[in-house]
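Shared between the two complexes below is chain A, which has chain B as its partner in the first and chain C in the second.
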Partner chain A sequence: MPLGWTMGINVRMKNLMALLRRHTIWLVLLAMVVFMSLVSKSFLTATNLLNVLRQVSMAGIVSVGMTVVLIGGNFDLSVGATVTLAAVVSVYLQPTTAMNTAVSLIVPLLLGLLVGAVNGAIIGGLKANSVVVTVGTQFAVLGATLLYTGGQHVWVWTPTPFYEAISGGYFLGVPIPIFIFLLTVLAAHWLMTRTTFGRYVRAIGSNDEAARLSGIPTTLYRMLTFIFSGFCAALAGIVLASRVKNLDPTAGVGYEFSALTAAILGGTRLSGGVGNVLNTLAGVLILGGISNSMILLNMSFNTQLLARGLIFVGAVAIDAFSQRHRR
Partner chain B sequence: MIDISKRFPGVQALEKVTFDVRAGEVHALVGENGAGKSTLMKILAGVYHADSGQIIFRGQAASFANPYDARAHGIGTIYQELMLVQYLTVAENIFLGKVPLNRLGWVDRKKMVQEARRLLQRLELGIDPTTIVSDLPVAMQQMVEIAKALSFEAELIIMDEPTSALSQHEIEVLFATIERLRAEGRGVIFISHKLEEIFRLANRITVLRDGRHVSTQSVSEMTETQLVQMMVGRDLTSFFAKTASTLGGPILRAQGLSRRGQFYDVSFTLHSGEILGLAGLVGAGRTDVARAIFGAEDIDSGEVYLAGQRIPQGSPRAAIKAGIGFVTEDRKLQSLFLPLSVLDNVVMPKTETMAYAGMLDAKAERKLTHDFVQRLDIKTPSLAQEVSNLSGGNQQKVVLARWLAIGPKVLIVDEPTRGIDVGAKAEIHAILSRLAASGVGILLISSEMNEILALSDRILVMRDGRIVGEFSAEHATQEAIAACALGLDHGH
Partner chain C sequence: MNRARVWNWLVKQRILPILDVLLLVMVTVGTRDFWTIRNLQNLTVAVGIEGVIAVGMTVVMVGGGIDLSVGSVMALAGVLSVSMQRFGIVGAIAIAVLAASLCGAGSGLLVTRLGINPFIATLGMMLVARGAVMTYTDAQPVANANLLFTQIARGKLGLLPIPGLVFLAALLLGHWFLRYTRLGRDIYALGGNEEAARASGIRTDRVKLAAYTLTGLSAGVAGVLLASRLSTGSPVIGEDTALNVITAVLLGGTSLTGGVGSMPGTLTGLLTVGVLSNSLNLFNVPAYYQRIAKGMLLILVVFFDSLYVRYRRQALLRTRGKASEERLTSTS
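Coming up: the complex of A and B.
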């Protein structure tokens, strides 16, 4: 009997299985693309795909920040409000001259950092529950935004070409927002895998007490995850502002939900410590693909909402299931 | 249980193991971690199903679909980690899942409390059934588990390391209860790593090794040495491998450490190359003192000096920087990052010193971890392996590697071999003793008297938060230390 041969196959199969398990999400994405291209002729066209990518880029940027916070063992539900705040402020500052454009970019980013720092100080310093705190800051930020605008739409008629290009420009035939999104993904992936920051955040997310006893300044790093997330949300807000230019002051509401869904779909563990920004990218693409498909298939907004809810609950269930079945 | 086999992906956990328990017998099941004890018991308790083999219970072939089924048939299991709901009362816990109801279908509280009281009295325990479980000491909680098993009329009770979290006095209470169960004609399966307990309690001993049955003998036919040999399958000539070390100068000095309600005016000096044992009952304040020295807990007053330099209190970071390592009492809760890799776990406190401008030096980290994996003989398929997949002994070696990697001047080890099999235990003893020989000062906390006696150059005894005795290695005896720890005598 060629026993050695079958054993070799076994080992190879096992490695393959392990590899597949780690990247299941990419297979799901592939399956979805294949399915959609069979169902709808217009799905697998360059125009449509670039369109999908452009659409997901804003929620995608937010998802990257969310992933980092989740790996650190917390939730950030205030990101939707921060997206809104950044977008509204950016437009409100009227980026019609070079000088104003600079201000319209810098101020919202600083505000994003500030919201993150406040979240981080309360959660990191006082060890308050992150879900509760960020739901609170979400409403506070939203309220502040509404006060600032008096509840009215804000708009800008003739932004500078540079400002316009943030969402409307192309580089090598690819829309700029896609580049911003992918750069954020790569930067965060690098941070999480190659730097002290990434190692510490994983450590804190997987065992806070052990992290403290390993000499990690846990309060600081927990705070930094929220600051990073706030920054990502503000960045997404600026892209949104540049794209819409005429903003409802609740424009960013719901981004926290998409971001959370994408991160969980990508296998970020809700109990902290484990997650991969690249897999979150896959999660974002799947979500984007699904909503695009639903539009192509002429589904109503209400149906889409139902589907998004179901996908979210499904992803959470898978996370809980895989947790239970880890020995 | 006849010819039980069980295979998990990649491992043959059990290979045709035959095992029997008689009524009115305490049967000890021993073996190193991974020998198959737990798997065998989980099959008996209906958690796993055997691939082949047969279970005969009370003369009938039995196969339990799940743990509830096994329990309903009279097999009760008491796990290492207690399965009680902490915020319910004792009675509610005992009747969890089968609460007595009155005619209206409401909970019959009175009946529940009465029944619970009856069960507890049968065990001759003075526990009030209306007490909230979290208010009871661990040993009493364990008794409640036993009462719960009895409420199902358990004929066979499996106890998996029941004494690991108990103090000496509590162990006595547990043993008395086990004796009573035996006298009532019930069978008890007792899993333990502690040889003294096994020899004290068991009628017969079964040894498992690598998933196979090695021997079943009555206690009177076996000696401790034979048992250890059977467990590890090799001759352990140096069970405790203390290398002689020459004491250097003072390295760590604690002065007047106090924290209200935990410890008072604790002062001592640790020398480089010395292993200083800290003995005492569970709750005597040893762990609190250790945590305070490491900065894991604040103190009300007192100072800690390392090599003459005062280290700031309340900061593990400062303690590590000064050269103190701390192997915590509970490795899973306080030391390990279970979902992270072996490498992450070992390198963690060195991350910043090895990084360049915040960027990790992957190559140097791999080399460092690889060196320690080899030096401590950590059994792991790769450096990227998740630590949760390693055995208890190897996990503990990972924790030791972490602190050896910082090149410590002082290492505090709290219960370094708890829940670890005999082979790994001897290895860890050897590591500690070599470390002391290389000039590191070690503060050793252990509830195992043998461990303290065999390893320490000097022993301090704590009682009720104070240091109450000091023994040199030559003058220390188990009896003297125990007497001192209990407050029966004062040693010098």
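Coming up: the complex of A and C.
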């Protein structure tokens, strides 16, 4: 009886430890919040926290798509360019009437799907290296965006209230972009855990050859991950456009690095097959918290750039360490 | 059968022969400015500065790696070569090149010690080096006051601009290194099949580290040349250097999977990319179109590289039979 009881405790402890190991990132987040609220008085206020959340929602939406692509064993470095393209096109279409608003929501999303499909077709069809291909599409898309705007700013002065509300509105006192972000997270989490799509993508990411031999149409599903990522990037672009309204045609550059960092911080394996969208959410929040605290601590923009690079390398190194440890 | 052989040859050459003939006809017929000494000198300088990096990039790519950080490392070296002038010209250049080599070695350590995917490791180095140089200069360009330093890249030896001379020296040195030194042969072995290279006694980690350090060094030399040419250390240059260089190296027949490639090939790739952007400039094509063209060219080259890899695999299967298939799938 006592023996069984201790064993029960042991099993429960083991389960708890396993759970913690899988979700270490949430503990890190908790530690960061505690630390920051001790260091800076203005950190743990509702206004600041909501601000941080709203700030990260765009990069967060991109990270969700990136996580799915990473789980499928690929990288998508073109997302920053897609964000820019979607934002610029959305504003350029002048959402000043109901009709125009619909157009300036639909066209960017279609463009996002298109960029994703092109990436996916090249990478899926040819098994070409995803980093190099998406760097190529990144340049092509950015060039197209600059060409479209002639390198000038694009702006819209009086968008419809609906368009304005995409980033400026509140629901139950919480900014709408946060809802869009969380909905994307939940949708992707559902896709990756409860559907055939998710299982297939995981299978492809962990062993492409085995997945193909067991009858999964790998080319198609690889392509679908890129299409999903393109869609997420375009969605983020629309939120960005609605928030800024006066866009410089390079506005989305750099989102790919935040998205990659967040996904890796969340424990997504760079070699594919392993990853969890909810943990990416924690990664996004940590990144947001860090840049917020750097602002609160009055660091210069350039130092933040350096810090972000170091965080990226650190996250990658931790990923590599844990993988080696498992082996 | 014969047509298939011609096609395979073209794929192996990345259809460079066709592209080059088209380009040369275009620039010769379309504009009178191409075959002028002045333009050819400009072309030499432009090709030369990125060409020095391409030499290093060829080494690392033959070894099966890649370096995406060359652009920011080049910016870092350029800034250091100007801001460290108080140690004298030679001292400043030495510091700049040393710092760049250290960046390369850093990437190499990330790849070898931690086993990080080279794309991601060098992407990280790219962010860190860019952040470092932006912090160091506060995002402001550093002006050069030393006329002698400016003369390095603006000077000419006869008709040949010095950057072109440096590039030729680097190319010859690289060719000798890859072909005739033990380390160079080890790099080919490493890129061809890492497991086999390790099994036959090559210290693969050291070889990789050396390759990344060399690439960093080449980016450093290019950074010094560019800073001297501009007479400024700019922290924001080099955004598309990696793209240009990798495109040129791939065009020259080096494969993303490693194990194949040569310096003469890289030279043809460089000249093609150089003449292409030079002619786009001569035809007054807006910079945005050039960006699109460069992106598409990279994708096209990767496309041909994939075709080539597939073709090579089939050829191997034909000659060695089924037994080699397992080995191929286990390494690729």
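Criterion: the second predicted complex is superposed on the first by the 315 of 327 C-alpha atoms of A that agree within 3 Å, B and C clash if a C-alpha of one lies under 4 Å from a C-alpha of the other, contacts with A are read in each partner's own complex, and residues count from 1 in each chain.
Methods note: contacts are C-beta pairs under 8 Å (C-beta built on N, C-alpha and C of every residue); 3 or more make two chains touch, one makes a residue touch a chain.
Model, not experiment: these values are computed from the prediction.
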item: Partner chain(s) touched by A:His153 [first = chain B, second = chain C, both, neither]; value: neither
item: Partner chain(s) touched by A:Val274 [first = chain B, second = chain C, both, neither]; value: first
item: Chain B or chain C, by number of chain A residues touched; value: C
item: First, second, both or neither for A:Ala317, with chain B first and chain C second; value: second
item: First, second, both or neither for A:Arg212, with chain B first and chain C second; value: first
item: First (chain B), second (chain C), both or neither touched by A:Lys41; value: neither
item: Common ground on chain A, meaning residues reached by chain C in one complex and by chain B in the other; value: 209
item: Touching residues on chain B, where the partner in the complex is chain A; value: 294, 296, 316-317, 319-321, 326, 328, 333-340, 344, 347-349, 351-352, 355, 358-360, 362, 388-389, 402
item: Touch list for chain A against partner chain B, complex; value: 194-197, 199-200, 202-203, 206-207, 209-217, 269, 273-274, 326-327
item: Contacting residues of chain C [partner chain A, same complex]; value: 66, 68, 110, 114-117, 119-121, 123-132, 134-135, 138-139, 240, 242-243, 246, 256, 286-299, 302-303, 305-307, 329
item: Partner chain C, residues of chain A touching it in the complex; value: 75, 122, 126-129, 131-133, 135-144, 146-147, 151, 209, 257, 260, 270-271, 300-303, 305-310, 312-313, 316-317, 319-321, 323-324
